[in-house]
Amino acid sequence: MKGNSSNSGNPQQGQHSASAGTLAASPRSRPRPRLAVFKFASCDGCQLSLLDCEDELLAAAEAVEIAYFPEASSRMEPGPYDLALVEGSITTPHDAQRIQEVRRCSRFVVTIGACATAGGIQSLKNWAHHEDYLKWVYARPEFISTLATSTPIADHIRVDYELRGCPINRHQLLEVILAFVRGQRPKLATHSVCLDCKLKGTVCVEVAQGIPCLGPITHTGCGAICPTYDRGCYGCFGPAAQPNCRSLTDHCLQTGTSASTLLPLLRNFNGYAPEFREASNRVEALSAAAASVKEPIDE
Amino acid sequence: MTVAVDPHNPWLARTVRIRRIVQELPGVATYDLCFDDAEIARNYSFRPGQFNMLYLPGLGETAISISGHPRRVGVIPHTIREAGSVTTGLAGLPENSCIGLRGPFGSAWPVEQCAGRDVVLVAGGIGLAPLRPAIYELLSQRDRYGKLILLIGAREPSAMLYPAEYNEWRDAGMQVEVTVDRALDGWNSHVGVVTALLDRVPLENPSGTLLMTCGPEVMMWYTIQGAISRGIPADSIYVSLERNMNCAIGLCGHCQLGHEFICRDGPVFRYDRVASILKVDNL
Amino acid sequence: MSSKPSSEFPFSPPAPDSPANHNPDGTSLFLPRDDLNTLIGKLTADGYQVVGPRLEQEAIIYGEISGADDLPIGWTDLQEAGKYRLQPRGDQAFFGYTVGPHSWKKFLFPPVAVVATAERDGTGWKLDTPDAEPPKYAFLGVRACELAAIKVQDRVFLGGPYTDPIYQKRRNAAFIIAVNCTQAASTCFCTSMNTGPRCTAGFDLALTEISDGFLLEIGSAAGNAVASGLSLQPASDEQSGRGESARQQAVSQISKHMDTTDIRDLLMGNLQHPRWDDVANRCLSCTNCTMVCPTCFCSSVKDVSDLTGDHIDRERRWDSCFNMDFSYMNGAPVRNSIHSRYRQWMTHKLASWHDQFGSSGCVGCGRCITWCPTGIDLTEEVAAIRSSPSSGRSERPPISDAEVSAT
């Protein structure tokens, strides 16, 4: 062992008595922060990620007081809360009001998952007539009170941190919770999925197989699962930092990927995220323009 | 001999204890660190302007310049502003806590070259901290140098760093001028940016004067332009630059500025060496 | 072993008349095709983990090899900007391809590695660095550009005031079997960078594949020791001739060229060139070029702790100057645009690398061209800047007193 400093780390040298270096057990004794988990329009998958933490959840539970988490416990303490985790998007007038109440009773609001941060898969209705959807889905649509859009939480209230993913990565969730417990801003990586592929040795499916892949514009978090199994990235973690969606979509269109393949890829779980939204709208417009040019020839 | 950084095992940090914490300003404190290992402590020395990597297990490392007296063995002061996760974590630690340290790293202020010359030091805000070891060193052999002038700028009077020492430095033979952006009642010194202060300082022999500056990059840039217009040669001007340092040993690539690794080639640079790259935005 | 990093820089090639050299008169030795397996077996018996080309994930990657059958026999790769495809060759060549998505750096500079550890010890910490011995690798199929890349990384990790112990241990233990290229991809430009295609130094053994076997050269004492256990014959003039024309074929197939004349000054003098905006429109800032580059060495170290927070690994991962967080300082990234990040990468690779390490950071392997999802070709970017160099270096814009103010 080279230059081991273990001797020097030994406290026997004397007068050091305080609980030194203990970050988790901060010397500033204070009550445990109160955590609440709220659900809006969503599949519950992100909350389940928290329950999925198992051992880590116990550690997290030691760090925070879980005051409101209907999915996990019948104990529902009233606010105020120090940290609110919000899952789901806003799709009803009632939820649009309820989220204001969440903001009022919470010191920090962290949105978790694609629904809360980008509107989720249900934001597909933002490109359609929601009255039509109501008629197709419900026998008695007149009983349904719903908004025309599915929108991210940040469109309605101030959000302190957004944790992306469909579903979220539980390790990242713990990191975010612990950061807030420590009074710090979470610092999660914002790079593309490509870097994760390369770290694993996964060969680029776009370059080697011509499979359309959103990896270059998608936020890290999933561990690059799909390319590992010869599938293109679906963009589950939303846009990476400063994504160049225009270049990627142009390149895909120029190299033979059709707009009809590209559109559903972009309008997916994070389709309403501004960068993906703009990209898909542009692809749609380009495709419509190309079709209108073609039409006279076809006829 | 056990030294603080083994060139062939440079990732190994050494444990230090926080012997004393002095709150300097809101969010700024000085931490006196002492090695646990007596042999390392004995063998440790640094040059003014160098920095250490301070390590909080679980949070990571951060580069902090050393702000103490280079001739004082055993205690290594670091003046730190709460900013990132490591410095915020550090702010939550009590005295006697154990943390890690690697260092010293980087280049130094050219104190040796000051012999027989007039010296101007220009500090902006917390930029005084990396200059303080140079101040101590210059004053410890005061008669070796010509005029010593220290210009300190801060946002407001309450943001002045180490104010209790200014009179000691004056008594030891250094002209100390302070300026603030915004004055309050009772302030009887200069008001305005530190670069304006430089314009007013009498320089008897500009071409033989050496200038060192540390502060926000844009402040240093204007200080340098002012110094050059006063006749101080570009190769007698030294700046301390900052970039994101991750490894401190020139291996990680983070702190590059043009062709320079700030951690290895800097943080202290002779101005003419970095003049062209300092002009380029987002480099 | 001549391929080992020496403590002195620059590296000196092995002396041509070194006693280690089996074939001092310059004639090649011949290794029959079937004996390649014997070579792999001998290295394995000597305790090496043999790594070399394999067919995986629709590409020729570098992975563990247990015998010659694991090699991509009869396959080649077609490469162009942003495109890579496997294709059968119609013969039984072992090494009938160029370079793929992987490089040897993943073995010498692992993508993820623990550089230090911290363990809670009473009221303090026990800080340590790992000292486990890494695998002893034998690299089979190292191309000339890749030998050059290893030499470049030797300078980065071993040539400065501080050496990286992880790289050093792996590098010291490695055995290198180079293979001369007998074909080139459209993305190859080693001849512009003076790195190939002929392997001249930095190997223990070097092979040139001909149909019935290999011409073999010995580059080090360790190479000699391994070769002495093989049934080698002197190569006939006819075999040597076939080897030479195979190698010549690679040279003649190289179509890409990069003019490197004064390239350092060209790029550093054009930091405000409009071409950076042009390439920023195409660049995804996805990091692919830096990840596949055999010389890119950027990394980040981050603490990874267990649940208790008592055991911490300081984990180093490959990072990239294309990541926004990479230049994060005082609350914001310094390079806050694709424009500035692409400029950083290319000027570092081709220009400032010279200042830092005394050579170019580019070896002309063409990986960054092939594996760029949008097919950006750095040789074209250089050519564009060279064709219309701008002299305009903008000064900082006027700044108000408020901005100059301290802190």
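Chains here go by letter, A, B and C, matching the order in which they are written, and residues are numbered from 1 within each.
By our rule, contacts are C-beta pairs under 8 Å (C-beta built on N, C-alpha and C of every residue); 3 or more make two chains touch, one makes a residue touch a chain.
From a predicted model like this one, the values you see are computed outputs, not experimental measurements.
Among the pairs A-B and B-C, the greater number of C-beta contacts is found at B-C.
Taking the mean of all protein C-alpha atoms as the reference point, the chain centroid lying nearest to it belongs to C. If you average the Cα atoms of chain A and of chain C, the two centres end up 36 Å apart. Distance from the chain B centre to the chain C centre is 38 Å, each centre being the mean of its Cα atoms.
Counting only residues that touch two or more partner chains, chain B has 8-9, 12-15, 17, 36, 57-59, 96, 98-99. In chain C, the residues touching two or more other chains are 120, 123-129, 165, 309, 319, 337. Within chain A, residues 2-3, 5, 9-11, 16-18, 20-21, 23-24, 187 each touch two or more of the remaining chains. Per the touch definition, chain A reaches chain B in the complex via residues 2-3, 5, 7-11, 13, 15-18, 20-24, 26-28, 179, 182-185, 187. By the touch criterion stated above, chain B contacts chain A in their complex at residues 2, 6, 8-9, 12-15, 17-18, 35-37, 40, 56-59, 85, 88-89, 92-99.
Against chain B, the residues of chain C that register as touching in their complex are 115-116, 118, 120, 123-129, 156-157, 160-165, 168, 268, 271-272, 297-303, 305, 309, 312, 314, 319, 321, 326-331, 334-337, 339-340, 343-344, 347-348, 351-352, 355-356, 393-396, 399, 401-407.
Considering their complex, residues 5, 7-15, 17, 36, 55, 57-61, 83, 96, 98-100, 124-127, 153-155, 159, 181, 192-195, 215-216, 218-219, 221-222, 242-244, 246-247, 249-254, 256, 258-259, 261, 264, 276, 279-283 of chain B touch chain C.
Of all the residues in chain A, the ones that touch chain C in their complex are 1-6, 9-11, 16-21, 23-24, 55-56, 59, 187, 189-192, 194-195, 198-204, 206-210, 213, 215-217, 230, 240-244, 246-248, 251, 255.
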